[in-house]
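Once you've had a glance at the structure underneath, I'll fire off some questions.
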Amino acid sequence: MSISISERIKEMGLVLPPAPAPLGVYRPLLVVGNYLYVSGQGPILNDRSLMTGKVGGTLDRDQGKKAARQVGLTMLSTLVTHLEPKLRIECVIKVLGMVNATPEFEEHPYVINGFSELMAEVFGEENGIGVRSAVGMSLPQNIAVEIEAHFLLET
Amino acid sequence: MSISISERIKEMGLVLPPAPAPLGVYRPLLVVGNYLYVSGQGPILNDRSLMTGKVGGTLDRDQGKKAARQVGLTMLSTLVTHLEPKLRIECVIKVLGMVNATPEFEEHPYVINGFSELMAEVFGEENGIGVRSAVGMSLPQNIAVEIEAHFLLET
Amino acid sequence: MSISISERIKEMGLVLPPAPAPLGVYRPLLVVGNYLYVSGQGPILNDRSLMTGKVGGTLDRDQGKKAARQVGLTMLSTLVTHLEPKLRIECVIKVLGMVNATPEFEEHPYVINGFSELMAEVFGEENGIGVRSAVGMSLPQNIAVEIEAHFLLET
């Protein structure tokens, strides 16, 4: 894409939450050569509160999907805040979508599509869709969804 | 290896299930330079049904191991179907083996060996064995095992 | 860093447990170009026993954090034992911290800091801190924590 993430976000009219401060000893993102690695992000709302709950329990699959989209907005905020502006993303390589799900929940891919559909809108279908796993586990602060991602940068 | 995956599979007499259609917004695999990334694959049988159940619950460790081998056959089917035939795999770099296990289950490595032993047979011990984690979580559609992998391509 | 890991460990007075033998069909580590991939490591004590238990259940968060530090010592032992001595680590790229947690546990980042703080001490804050996810799942042999990591080597 020939425009920056900031410009694309503005163009789409997206409102981004504040970028999260790390909850532990890690960096929000790291660039190594043309690779960009982003730490696991949670669903932060504009008032800095978190979307919490167990998908399949206190949250249904559509609430889970909304949380996954919010993780996407949070990750975009992290990129806008911490990625050097001269660096531009070429494509999504890999996404690990982690759903705070009950042991019986079966629709993790439906939930994580909330994130992946946003990436496809922002970067385009050709570049915004990479490989993915979407699975269930327990998450920090009882957040509903956490996602880590790996991007390729333009050379 | 000097022969293609298709030839090696034929030589070994393996029967591959149909390659899975993505259940969400992701690609089955992605090539970036010499790296090949493969999305999380489940255990698909030849009639397109899935091997489901909780290992340590409705399934024992040997049924789990069979499911992990079937994930390997499914991943080979994905490679044969979606990887450009001119690209050849040099070695397995990394495997994340995810077992749909009860919280008390302790033999995730035994289960995931079903996948890893198949890769060692197909690509040889030198090239078919990479780094690995084998852990327990909840999985889409209650599949017994899901595995994502990262390969190096020949230059 | 201009000194080797072995020298740095000696300088810090760290006592390393024996490097684990693989529990399955995988390598302890793999070098591809300048990238070093390390398999999921558990918390091995000096007498070869494992730190086991569910964090949030039989173990509290501080016991979990100690286990994560012990995973760090185990990983350093793996590096000293299996990485060619002429290869030197430039920085930590990525850590996946997996806590054997109860479904209600919420402090995975606090636990995994036990590992990350050790890496920051050994490699320095600039190079020892990479991206990270810290999440909960079930683990082999009921170990309290398992961590896999991805490093960049010096050229």
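As written, the chains take the letters A, B and C, and residue 1 is the first residue of each chain.
Quick note on the criterion: contacts are C-beta pairs under 8 Å (C-beta built on N, C-alpha and C of every residue); 3 or more make two chains touch, one makes a residue touch a chain.
For clarity, every value in this text was computed on a predicted model and none was experimentally measured.
Enquirer: Does the chain A and chain C pair touch with the same residues on each side or with different residues, judged by whether over half of the numbers are shared?
Expert: Mostly different residues form this interface, as fewer than half of the numbers used are common to both chains.
Enquirer: How big is the rotation, 0 to 180°, that puts the C-alpha atoms of chain A on those of chain B, in steps of 5?
Expert: Angle of the fitting rotation, chain A to chain B: 120 degrees.
Enquirer: Can you work out the whole-Å distance between the CA centroids of chain A and chain C?
Expert: 25
Enquirer: Please list all residues of chain B that touch 2 or more other chains.
Expert: Residues 103, 137.
Enquirer: Hey, which residues of chain B end up touching chain A in the complex?
Expert: Per the stated touch rule, the residues are 23-30, 32, 37-40, 54, 96, 98, 103, 137-142, 146, 148.
Enquirer: Over in the complex, which chain C residues touch chain A? Could you list them?
Expert: Touching chain A from chain C are residues 93-95, 101-110, 112-113, 116-117, 120, 129-137, 152.
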